[in-house]
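There are two complexes below, and they share subunit A, which is joined by subunit B in the first and by subunit C in the second.
Up next is the complex of A and B:
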């Protein structure tokens, strides 16, 4: 397979996943922002949404204040933000167009259809109801694309590279949301677990669609360290770092097997997975969650570079 | 202008035999059903993303070419005749290009003026004395044909560089099969779906001698911003070959490789849809980012086949076109089966005088133009346009040829007021391999959707139709 084709497949999956993640963050933000002050605390939800999306820098060069209007525009429809939902779908389609021959008709149909429908939303929603519909639509577009890829693609290198992109992006997203939320909610070792916090913690779970899963796994009220446990260490949770790395290792192994050669990408992915497998939550909290996540994000980025060097260029 | 020949209703008002069933069907089918199918076809096209870009338009990056659901039909005997003519013409074209870059006998014999070749910007001195595998220069040709009466077909234009449109031939047929199965069951339509198979066989047959027994073929595209990108990806998919851009290729030891996830892989045949100018920045335009540096050196070393060869423009230039009948006679010793449209070369004084006298009745074309740009259609132009063109013509007569305004044949077409005749042309595709010439029965029929219009180019509002060659 052409290196460029693999690169396009990898980024196609990443952009679709990113669009879905942004839509989830915004849905949760919208929900929190409508809570009475007494339940929502003092934090600016919109500012935190921008931080979770990882684009505080780019945002502040264009806007002076983070509020519903500016953040919605920036994260959803802005053409100046390279990672806005609109640009994610634009870039996803550009990548798809460049590798049409490697996609199934169903996948192309999903991504091209999404791109065509995107125009319907113009430059932004005219009401909150429409905005919520838009966010739902984005998530469905991503699910549709992912489902079609899963159901129709040959299980060969094209499929594995697109999975690598998906899990890379997902691991990055989960790590960011944990980092920002815990940073905001646990500035020091304050007492936690008051009724006010419940909605904030539940919101994290909601943004990775894990609220129900949490109750099934822990059969407990919502507690920060259990949330961290679920999203970092639980293999059975599809958006957890452990699960993402299980999948990254597996797909890299498929590629190595097909090509008859292991490389730095395989070794690095395995090392990260092993680190996740050998940790316990108490240790991570003692060491400092922020430091742990920070270290994870950089090693995740290093894996991205290793994959790029080994296969995509 | 002469009487217009309609391919369904002959001059005497009776339905011509190949159109018997279609005519009955058209009279039976309720207009709203036809209209519904037409919209369905449009949706399908949009969903699969068969688009093209129009140069010079900034707002609409991608557009659909309108598709007309009424097929254009040729009888087996008509097609047989066209085929023989195509094969003859393409053989002559290949002999001519080999001669121009080789012994130059046609120039020595004075059949074609030397300056027409040597001063032509599409002439490639790099090709002088260059051997090409199996002496084939044009592997894929698209010959534009028009029809003026029951027995006369003219060649309007030869496309010997990177002819496009074959994806429409294939997709139009797929859509017709989906929308009108009952209409097919009432005809015996020769299939076209084997075109990619024939193309691959052709490309593999011309691999260089140094290639392995199973040569690696790639399709080289300028990239997603090219107007024909859809076709490039479509064909690569059907051929099962990699769709590469210049940056995917590199040259080492005069051999071409592509960058793959498993390291470099040797490339033997490049079906290139990139123009000569942009093919190799080391040999041609140094500012080109579309090509692959060094490809020309690998080509000259005989380690890779380019299809089509470099420098084939010297055969499809509009100024050379007028010499095609002489070219056929010179190399094959035969009379051309397919005639040229009568053409005046403005480079010749008496021709120029004739043309200047009759600008309001002639079509004048730029020698290097394409896509229907930069031409004057005398009968449709106003005084000011004619005078402006006259000035251009006088200042550089060499750049122009003129032809009579021909009455292209018409075919029933679905338009707003119902079914009405519209002018069409036909682009069949000719494949030349080491072993044989292959022509799939059909081609791309382009239709001028505006009433009375003779310009079928998609960039000027033309549409396409499925082309049926009846088997019996």
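Up next is the complex of A and C:
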């Protein structure tokens, strides 16, 4: 397979996953922002949504204040923000078109259909209900694309590269949520049990659709250190860092076996996976959750460059 | 290196046993130099394998099989991807500080002969831990002949040292005892070794030792082969001595005339070039 093709497949999956993630955090933010101020506290939820999306710098050059209007515009419809939902779908389609023959009919239909429908939403929703509908639709679009890929693609390098993009992006997203919200998860947090915390914690779980999963796994009320455990170390939780790396390692391994050679990407992914497997939550808290997440994000980025260098260029 | 391991332990009883309880330390874990791709344990009797972790972080499985059993086979099969880390062990589970591994156990008690051997080696190489360990490794490898006949699983380090003969277990015990006697923390490792001479069928698993060097961390020393641990070593369990890291331990109710056979197949599945 040409490196170009692999690159397009990788980024196609990444952009679709990113669009879904943005829709998720906006939905959660919307929910938190509609709470009475007594519950919501002093924090500006919209600001933290921009931080979680990882584009505070770009946002502040264009807007002076983070509120519902500006953040919605910036994260969903702005053409100036390279990773707005609109641009994600735009770029996903461009990537898909370049490798049209490596995709199945169903996948192309899903991505092209999404792109066409996006025009219907124009430059922004007219009401809150319509905005919620839009966010639902974005998530549906990603699920549709992912499901079609899963059901129709041949299990060869094309499929594996697209999975790599997906899990790489997913690990990055989960880590970013933890990075912005880590202060809520520290065991030393004194205000435990207040309504503010409950809604904030539930919001973290909702943003990775894990609220129900949490209760299945722990059979307890929502506790911050268990949330951290679920999102970092639990293999059975599909958006946890451990699970993303399990999948990354496996797909990299398939690629290595098919090509008969392996390199830094495989080694790095295995090393990170090993670290996640051999750690316990107490140790992570002892060494500092924030440091751990920061280190994870940079090693995840290093893996991205290793994959890029080894396969995509 | 991608190493495939097939490890079969079979028991045959002349008079069937009414029940068997066993504890297995047969499952490797990941560390920086080793990644387990897949691993499966099969027990020939109907039973439930309970997985747990022991104090050192080894993955253990225990089971109880109800008889009558005239035969019991525990087979393990799996693939591991290994990488040469120059014998330095990083990224493994460490539940204890290194000084815990200065403890002597009945199997690794250093008698005067071993103590003298270690002290004599130190007198020559000086206090540099790594140099000392390498010298001990070379001497033990040269002095002690590999011979599976005279020793058994309960042979202590000092007995084997007198005989100057033994298997990997005895060599590792002697190495561990000698290192501890000069104040270097050392531990016993059980695992598998991929031989590069083309022999894939082996009669037993392998064992080596790890010693703690402050500037590097834990370093693997394989006295049987006279080398440091390489990417040919698949590391399975850690312990203070053989009993703490033994692949299979257990007992049976009833029955008699037990014969045990172990068969290990270690080969490289596919040649992969590393870039």
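Simple rule for what comes next: the second predicted complex is superposed on the first by the 304 of 313 C-alpha atoms of A that agree within 3 Å, B and C clash if a C-alpha of one lies under 4 Å from a C-alpha of the other, contacts with A are read in each partner's own complex, and residues count from 1 in each chain.
Following the convention adopted for this analysis, contacts are C-beta pairs under 8 Å (C-beta built on N, C-alpha and C of every residue); 3 or more make two chains touch, one makes a residue touch a chain.
Predicted model only: the values in this text are computed from it and were never measured.
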Q) For A:277, is the partner it touches subunit B (first), subunit C (second), both, or none of the two (neither)? A) second
Q) Of the two partner chains, subunit B (first) and subunit C (second), which one does A:58 touch, if any: first, second, both, or neither? A) neither
Q: Scan A:94 for contacts with subunit B and subunit C and give back first, second, both or neither.
A: first
Q. More residues of subunit A are touched by which chain, subunit B or subunit C?
A. B
Q: Figure out whether A:4 sits in contact with subunit B (first) or subunit C (second), or with both, or with neither.
A: first
Q) A:211 contacts which: subunit B (first), subunit C (second), both, neither? A) neither
Q. Given the touch rule stated above, what does A:35 touch, subunit B (first), subunit C (second), both, or neither?
A. neither
(Q) If we overlay the two complexes on their shared chain A, which of subunit B and subunit C does A:113 touch? Say first, second, both or neither. (A) first
Q | subunit A residues contacted in one complex by subunit B, in the other by subunit C | A | none
Q: Show which residues of subunit A lie in contact with subunit C when the two form their complex.
A: 249, 253, 256-257, 260-264, 266-267, 270-271, 273-275, 277-278, 310
Q) What does subunit B use to touch subunit A in their complex? A) 46-49, 223-224, 229, 233-234, 236-237, 242-245, 247-248, 258-262
Q.
Going by the contact rule set out above, which residues of subunit A touch subunit B in the complex?
A. 1-6, 94, 97-98, 100-101, 105, 108-109, 112-113, 116, 157, 161, 255, 259, 311-313
(Q) Using the touch definition from the top, list the residues of subunit C that touch subunit A in their complex. (A) 29-32, 35, 37, 57, 81, 83, 91-93, 270-275
